[in-house]
Each structure stands twice: as structure tokens, then as C-alpha cells.
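Below are two complexes that have subunit A in common, paired first with subunit B and then with subunit C.
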Partner chain A sequence: MSDLIQYTFNGLVVGSIFAIAAVGISLLYSVLRLVNFAAGDFLTLGAFLTYFLSVTLELNFFFSIVVSMLAGMGISWFLELVLWRNLRRNKAGTLALFLVATGVALMLRPIIQFLFGTETRKFNIDILKTYDFLGARIAHTQLLVLIFASASILVIALFISKARIGKDMRAYANNPGLAAVSGINVDRVVLATWLISGALGSLAGVFQGLVQGQFNNSMGESLLLSFFAAVVLGTIGDAYGALVGGLLLGLFMELSQLSFFFGGVPSNYKPVVAFATLVLVLLFKPEGIFGYRGRKV
Partner chain B sequence: MDAFVQPGFWVFVLALAGIYGIFALGLQIQYGVGGIMNFGHVGMMAVSGYTIAVLVIKYQWSFWWAAFVGVVLAALLGALLGLTTLRLSGDYFAIASIAFAEITRYWILNTDSVTGGTQGTLAIPNPLGFGGYTNQPDLILTWISDRLYPIVGDEASRDMSMIFIVWPFLFLFIWIASKLQQTSWARVLRATREDDDVPRSLGKNVFRFRLQTLVIGSVFGGIAGVFWALQFALLAPEDFLRIVTFYGWMILILAGATRVKGLIIASIFFGFLYGSTRFLEFWPLSLLSSPERAYLRVFLIGFVIILLMLKRPQGLFGKRQEMVLE
Partner chain C sequence: MKIRKVLLATALTSTLVLNALPAQAAVDMKIGTIHPLTGGNADYGIGLTTAAEWGAESVTKAMKAAKVAGSCKIVASEDDQATPALAVEAATKLVKSNKVNAIVGPLTSGSTLGIAQSVTVPNNIVVIATAASSPTITKYADQDLLFRTYPSDAFQGKVIVAAVQKAFGKTVTLSIGARNDAFGTALANVVTNEWVKGGGDIGRKVLWNPDNATFDSEAKLLTEGSPDVWVIVDFPDTFAKVGPALVRTGKWDAKKTFFTEAMYDEAVIATIGVSIMAGAKGTAAKSIGVDSAKWKTDRKAAKPSTKETFVDASGYDATVLLCLAAIHGKSVKHTALIKSLRAVSGSQGGPLIPWTKLTDAVKAAAAGKKFTYQGAWTTAKFDAAGDSSGALFRVYSIDAAGKLSSNDAEDVRF
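Up next, the complex of A and B:
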């Protein structure tokens, strides 16, 4: 029983981080038909920049997170102006978008390594402090992440459903042509999508760094496919779906370690659970849990 | 800059270029002929390289028989990938193919008893002791360099022996691939890149044609793994990260989607980029330490990919309409 509580809790924590990262990827896909291969490295960037500001420069932790989110937005904005806008104008195909996103990832990684070093880092927060909850051990950092991540998910969901620009995004994703003729400023929608995904990338990176305790500069990159799994599970291009898909995937990855699931998956195979989920969803339900059958995949 | 005038440097560049040229040729057949975006190509190289290492080290097979089995297994992995996921549309298949390669790598990483796990093939239990690891590749390469010695003298080396093994194969494969492109088989496939319905209405089984392309490409991925195993003898899971597939894609887009011969120049350029960053010692790069300059190579490869896609998506030798498809 305590195992079940433990792994469910772990799953919710991991899943909420997946949800935040996945919603950025899903929004970008819905608006731009772009699979953002650089998303993982934006997490790494957020974690390392927050580390630099809060530990090396000894600034306030929350202030550091905000600055990192702004930096993620700034880089995304810059890339939209110099890269993506031009590619759209050139009518670049799927492959070109894929490769440019990969190119961004390949360039970002050495920049992070150069600026912040290659050492393993940890935030200035007690990672050993734990609470006891019905026999489960809950780390202080996990609890913090769960609270703040849940709040972020709520804000994101409200933003997409209520804010003007959130509605514009959904309208544009549904029918770009119709959205454009009904007076939606396309460039503004695209830019907003980039800014959101940049901010969420940094935020998810800090959360992931907190949960891991220690992190290195391959942190985000190694999670990228798990995010894709969450996106596909929740129906690619569906922002709410990505939130649910992230939570489900996190829960599934953790609960698969319990013995009822084929005797329990060893913990070092956790990423494989995500990859296998990705492949299986693509095979048997490529439209995801919220899609309909007729969707072209 | 002295390094660039040393013959040893260029020999290394050429040896590497040969291996990656074959690797990229597999991708080129898949994309250029079949329109398949395979981003998990590195998995085929990992499978064949590791198969060879395990068979040679653990079971004392002859290198060439092990190589044969390695390539067959790479082809089977390609077939498995295709049979399960090739019906998906382009971007979905691309993601699934990465997942396949990553699952392969995680399996290698975590199955210590077979593959040596994180420590690489060095940790495979070996009845012959340490020498047994590199014994066979060493014997093959030394046999060649002994024959090169009378001709080139002290320049004879492991890398130069590699050139004499890899490049004839690369030329042979390029010749085969260019013949392949003129067959009716390739014409059907090129038609499927534009539109599935036309070839289908002519009674062609589009799926089977594309599956064949994927398997043929995987065979070349597997053969690249054979030469990789020969060149480096010891393998580790981090040799087969996702990024290696994108090295291949850089070569491919530099050459152009269907320009088989462009591969030669593109892969030499890649080999130079890969090998040279350690030696770029002029200011401001001299401010970087040697390991930092190794990251520079990843940075430059990312930069070249972006620059090509922005300014010349058809590659140096390709036709524009072939690269901006879809």
C-alpha cells in the first residue's frame, strides 16, 4: 500500500513536469506543424541559468526562475525572428523544420556547456529533507515541485481557454486560413506560442532539476522523447491533451515499477517505458486519447 | 595550424569520411528514393557494431562472419521498424524511428551481461584476456599496413589501412546506389514520394516498396557499423547517441537528396569538421580548452544544418524541388 502511494506520488510529480514541457511542444505543433527537437535543451538551459543566478550569484531563487523564463522567451523570440519566420516564408517542408529544430538543439547544447560548464549541479535547496505520508517518503523538493507545477498547469489551462491570445492560438491551429481572414494576426499568434513554449521550457527545467536533485547538461535532451510520448498520448497538437498525457505518462512510468506490472520494470528502464508507450500509441491509437479516428496521421 | 599539414590528420579525416559516407548513403536511399525520414539510423549501426563485438569477444567468431550476422541483424531491425511503423505519415514515423534507436541503446546500456553496459564492450567477459578485445581488428589492419609500409613508409597506420578497406566499398556502394536509382523500382518509389495514389492505382504495393527501401538503407547502416567496429574495436553506448544520425543527415543534405556522388565531398567535409575542431588554435578559439573545442564541433554541425536549410535546402549538388517536398 505504501508502495502504491509512493509511486503514485512520484508519478504525479514527474507527470506534472512532463505536462508543462509537453504543452509547449504540443502548442508549437498545433500552430506551426513543428516538432520541436530543441525543447529538451531549453529545459537544460533553464536549469543551468537558474543555478547560475541563484547559486553562483546568490540571487533570490524565485527571481532567478523568472529571469530564466524570460531568457527562454528571449531566445525563442530571437529564433522566431531569424529562423522560423524565414522558413515559413520559404514554405519549408517537414524535413527542413525537423532539421532546423535539431540544428538549434545542436547549437544550444555547446553554448550551455561553454557558459555554465560541464559539471553536475544542484540547487541550493535541501534535497535530503523528507516527510512521511502514510508510509511513503516524500521529498521536500518533490512537494514544492508538485505544488508549483500544479499551479502552473492551472494557469496554462486557464490561459489557453480564457485569454484572447490563447483563443487565437486554438482558432489558428484549427483552421489557419479561416483564422487569418477573420482578423487574427498570424505573426502575433506564432510569436506568443514561441514565448509560451520558451517560458515553460525553462520552468520545467528548474522543476526537473529540483526533483532530480543533481543535474547535468544532458538532462533535458534525455527527456525529450518522453515529452514526445506525452504529446502523442494526449493527441498531438491538443494542448489540454498534452497536460493530461504528461500526467498519465508520469504515473504510468512510475507505477510500471510496481510488481503487478509484469513483476515490475527495473528503474533504469523507466525511459524505455516512455519510448515504448510512444511507439505503442503510434501503432494502435495514433490519434491519441482525445483525437478522433478520422484524423490523418 | 600545423595539424592540418600533417598527412596523419587527413588520413584520419578520410577514414572517418568513408565510414560516415556509407552511413549517409543508407539515409540517402531511404529519403532520396523512398521519401522516408529515418531519424533512428544510428540504431542499425549500433546493432551491427555490437553484434560483432559480442560474437568476436565472447564467442571467438571470425570478424567477417560476425560482420555478416551484424548486417543481417541491422536489416532485421530495419524490417521490424518498417513493418510496425512505416504506415505512419512522415513526422510520426520520424519520431517512432528515434524511439526505436533509443530503445536499442537503452537495452545495450542496461544489459551488462551481454553488452558490457555502461563500460562498453571492454566489460564483455573475455576468455582471452585484454588482448582478445582488439585482437582481430588489429590483425586485419596490421596485415594491410604491413603491405602499405614498402610504399608509403612510416606513414602507414591504422587509419590509412582503414581508408584502403572502406573507400573501395564506398565507391562500390555509390556505384550500386546510382544504378539502383535508374531502375523501375526507384521510379515507383519516387512516384510514391509525390503521391501515394498514382502508383497504387497502377497496382503497385506502395508499402512493400517503401519497406524494401528502409531495409536496404538499414543494410548500409549496418555495414557502416562493421567498419566502425573495425576502426574503433571498443564500443560504448555513448558512441551511438541520437546525434550520430544527424551527422548522417548533415552529410545527406549537404550532398543533396538524390546526389549519390555528392556524398563523397560531403562526407569528407564532415570528416574535416569532425576532426579539425580540436586543432583550431587561433584566437578567439584559443581561449577555449581542448575539451571545449570538442563541443565546438557539435555547434558547427548544428550551424551548417541550419545554414543549409535556410540558404540552400537542396544541398550543394541537389535540385531544389527534391528537398522542399511535402
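Up next, the complex of A and C:
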């Protein structure tokens, strides 16, 4: 029983990070048809910026996270104004946008390296502290991440379903032409999408840095494939789907190591489990878990 | 009188012609290096790279002293962050853009096998890996283009098992945790086989992907069954994440854990966390070169700002051997380099010439003689597989302050 609790908890922690990163990627795709290959590097940037503020400048950790999210939003806003908006006006296709996103990722990496160095970093938080819970050992940092990630997921879900701009985003994603003629401010929707994506990227980076304990500048890049898998699993372009897809992916990967799952899959095959799950789901539901919904975002 | 004039004219003409010809065709050897210059293994990579640069500078200086035409240069030093994909990119750049004749490095087995498969073997480029230790490299079909100055883990596996047996007995249960790559899986297999052969039991064998989001589940698996001792085969940047997860299980004990050479660096221990690493032991290859203390002093004088690790001299020896091979073979072609690497490294015998007498080594190479270059790290004597012969390992301990110590009496020689 304690094993089940332990692996479920581990899976929820990993899955919640996947979910937060995936929802940003999914929102961008649904609204802009942009496969944001730079998403992983926004994670790294968020973690390093929070490290710089909270460890180097010794500012409050939570204040540093907020500033880091604002910085993520600011950079996304800047890129929208100088880059993405112009590309859209020039009718750049999906492939062109994808390649430019890859270029942004390749530019961000050396910039992060130049600004923050290449050394392994850690936040000023006790990464060894644990709590016992029904025989399972829960790390302090994992608990923090799970609480704040759950709250973030709830806020994102409420924002998309209830807030005016969230509804506009859904309408635009569903039918951009109709949304534009019905009076929705398209530029405002696009900008909001970038701001949310930038903030979520930074937040996921901090969460990932916390659960890893230590991180380096390849952190986000190495997780990018898992984020995209979560997006596809939950239906491409469906933000709710990305949330669920991320959580399911994390849970499958961790629970697969339990002995009741074919005797326990060796941990080096965790990615195989993740992608086998993805393939299996797509075989029966090629549009992803939430594909039946008939609408996006 | 007429005969005297003819003789004089002949003598003058001969002198002019002979002076116009060089004593030996100049050999300009271009070498590139690939090491991790950023990331968790950067300390090792920077140390090896600067040692290689100093090696090339030393040979060029010795060539001038020996009046041997030509040069030996490091034309580019690339960063692979100990990642095979980046190593392949780096090797492609060195071969296609920099037009190097040989490569020194990479540091890791995964990167070494990656570049051999994709770049260096298809392009007939000679490589001397500086710290790649996987036994897989020995068996790799490299068309004799892949050499290494660092001993194979076929040796280290035996040393780890012997050290564990000495500390905990032969019949205890041992669990192994290793990174899932060429280095980790191969050494984990050697340790498993040696341990079972010695009569011990294997508890858990857990392989982890370095790119995992977290390592708590792997840590839990590795501590299940309460083994008597652990062997961990990992690199610093990954173990910086695995280590805290192991501590959080509440079942892991660093005092019952053996690491490999990757943790034999006090800066690395400090980065991972002294509280995590204190009390652990490990094994690391040791220099079997000559005057290694003098080499460290001289290197510090020549390259004062560089980072230093225990294995740096391996980069120096790899570079010097390549330069000497080019001089010996009077060519930078791979066929000549391969043949001459064995002629100058002692595989075919010949007098001993230490690194402290590089001018003598250059003269011997230029004269086409067979000799045995005694490096600061090793006397390579490359075997048929390109591996260096012989190895020496230390068994080290990490104290409560994160300081490393070892006892020479416990060293194991092969």
C-alpha cells in the first residue's frame, strides 16, 4: 500500500509539472498554430532567474517566483511584438513558425548560459527534508510543488472556462474568422496567450528545479519531448486535455515501476511506457483523450 | 686546372641543391579536441582540454629545439557537454570545417562511441579518447582508428568488487545503480559479473535515464530489500539529482556506497553536497606515468588559470602521442598515424623516452625510430584494440568535510 502511495505521489508531482508546461504549449498551438519548440528553454530561464533573484540577490523565494513569471511574460510579449506578429502578418506557415521557434530555442540556450553560467544550481530550500505519510516518504519540495501546481492547474482551468479573455481564447481557437468578425479583439487574445504561456513556462521551470533539487541549463530541453507527449495525449490544442494528459503521463511513468505492472517495468524504460501509452491511446482515439469534445482550448 | 674547375663547380652546385632541399618534409598536424567545457562535467573537460593544448605547444617547442620542420596544433576545442548528440555535432565541425587530422577526446564513453560511429570512422579520422572507459570501446569495430589513454572499466569493475569485498565481505548483498548509457550499463555489468563470480548476491540493479524529470522512484527501487552495500555508476550532474532522492528514502547510507572516478573531485563533491557524499568510498584510475608530480607543477606554471582534475595528464599524453606519430610517420594520413602511434607508444618496444625529454622523443620520431614514450599519465603501449596497456587504481574515501584521501598501499595495479 505504501508503495502505491509513494509511486502515485511521485507520479502526481511529475505529472503536474508536465501538465503546467503542456498547457502553455497547447494554448499556443490552439490559438496560433505554433509548435513552441522554445518551451523547454523558458522553463530553464524561469528556474535560473528565480535562482538569481532568490539565491544570488537573496530576495524572498516566492517574490522571486512571481518576478520570474513576470519576466517570462515580458519576454513572450517582446517576442510577440517583434517576431511572431510580423511572421503572422507575412502569412508564415506552420512549418516556418516551427523553425523560427526552434531558432528562438537555439538562441535562448547560449543566452541563458552567458547570463547564468553552466554550473549546477540549487535553490535555498532544504531538498533533503521529508515527511512520513502512511509508510511513504514525501519530500518537502515535492509537497510544495504538488500544492502549488494543483492550485495553478485549478486557476488555469477556471481562467479558461470563466474569465472573459479565456472564453475569447476558446472562441478564437475554435474559429478565428468568426471570432474576429464577432468583435473579439484578436491581438488581445494572442497577447494573452503568450503571457499565460510565458508565465506557465517559468513556473514549471521553478517546480522542476525544486523537485530535481539541482538543475543545470539543459533542464528544460531534456523534458521537451515529454511535454509534447502530454499535449498529444490530451488532444493537440486542448488546454484541459494537456492538463489531464500531463498528469496521466506522469502517473503512468511512475506507477509502471510497481510490481503489479508486469512485475515492475525497469526504470530506464519509463519513457517507453510513456510513449507506448501515447501510441495505444492514439490507436483507439487518434484525436487524443479529449478529441470527442469537438472544440479546442 | 680544367678538372679542378669542374670539381669546384660540381661541389658548389651540390651544396646549393642540398641547401635548397629541406632536411625533412614539414608535417603540420592539426588536432581538434572534444570535451565537456560546460555542464556538470566541465571541470574534467576544461582540465583535459588545456592539458591537450599544453601538449601541442610542448611538442611544437620540442620540434623547434630538435630542428624538425612543421608544427602540431590544437586548431579547435569543442564543447560536447558530455552529450553524444553534441559530440557528433562537434566532431562533424572539426572534420568538415576545421579539417583536423585527429581528435583528442571525448571524455565520456557515450560521446566517444557516438563520434566513432557517425563521424570519425566513416571519415578515417584517428581519435584518442581521454577518459572513456567503457569495455564496449575495446570491442567496437573502429577500423583501428579509435585509441584511448584511459584504462577500460574491465579493470575498474574488478577493483570496485575487490574493494567492496575487502570492506564488507564477499557474501553480502550488493545493489547497483547506474546511468543508462554506454559507461553506466557496461560498468554495471562488469561489477555484477565479478560480484556474482566472487560468491556475492545482487539485490537490485537499477538503471536510470539521465534525462528523467525526477529520480525518487529510482531511489526507492535502489534501496528496496535493504542491501548491505551499493555501487553507483553515474556522472556528477545526474547524481546531483539522484543523491538527494536517495537520502530522502531514509534507507540509503553513503558509508555503504562505492562510486567510480567521476566523483573523485572535491569540487564535484561540494556541488553534489558534502552532507550527501560524506563517508562514501570509490575507485579511480591513477597515473602510471612518470614524474606526474613534476607534470602538475610544470602545467600549473604553463597554464596557471586552468581547472585541475586527476585525469588531466591523459589529455596531454594523447596529444603528444598524436604529434609524435605524425612526425614518425612523416604524414598526417590516418594509415601512417595508426602505424606510428604503435611505433612511438612502445607497442613495438624501443628505448624509454619520458615526457620530460620531449626533444629527444621528437628527434627519435623524426629519425623513424621505434621507442616507448613515457607519458605523465600512462605509458600507452597501445594494444591491437587501441587500448593502453596496464592500469593503476586507487581506492578513495570522502571524509565528513568532503575531502578526498587514499592510501597508496591499497592501490591495485594491472
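The working rule: the second predicted complex is superposed on the first by the 272 of 297 C-alpha atoms of A that agree within 3 Å, B and C clash if a C-alpha of one lies under 4 Å from a C-alpha of the other, contacts with A are read in each partner's own complex, and residues count from 1 in each chain.
Rule of thumb we're sticking to: a residue touches a chain if its C-beta (ideal position, glycine included) is under 8 Å from a C-beta of that chain, and two chains touch if they have at least 3 such contacts.
From a predicted model like this one, the values you see are computed outputs, not experimental measurements.
Of the two partner chains, both subunit B and subunit C are touched by A:P266. By the touch criterion defined above, A:V100 reaches subunit B but does not reach subunit C.
In the superposition on chain A, contact of A:Q257 is made with subunit C only, not with subunit B.
Judged by the touch definition given at the top, the superposed model places A:K167 against neither subunit B nor subunit C.
When the shared chain is aligned, subunit B comes close enough to touch A:R109, but subunit C does not. With both structures placed on the common chain, the touch criterion links A:L282 to subunit B but leaves subunit C unconnected. In the superposition on chain A, contact is made by A:V211 with subunit C only, not with subunit B. Contacts of A:R88 after superposition on the shared chain: neither subunit B nor subunit C is touched. Comparing the two interfaces of subunit A, the one with subunit B and the one with subunit C have residues 113, 118, 266, 268, 271 in common. Here subunit B touches subunit A in the complex through residues 31, 37, 39, 84-85, 88-92, 94-96, 98-100, 102-103, 106-107, 109-110, 243, 246, 249, 253, 288, 291-292, 295-296, 298-299, 301-306, 309-310, 313, 323-326, going by the rule given at the top. On subunit A, the positions that touch subunit C within their shared complex are 3, 6-7, 10, 13-14, 17-18, 113, 118-120, 127-128, 130, 137, 139, 142, 208, 211-218, 222-223, 226, 250, 254, 257, 266-268, 270-271. Contacts from subunit A toward subunit B in the complex involve residues 33, 35, 83, 86-87, 90-96, 98-100, 102-111, 113-114, 118, 225, 228-229, 232, 266, 268-269, 271-272, 275-276, 278-279, 282-283, 286, 296-297. Within the complex, the subunit C residues that touch subunit A are 38-40, 42, 81, 83, 180, 206-218, 220-221, 236-237, 240-241, 244-245, 247-250, 271-272, 275-276.
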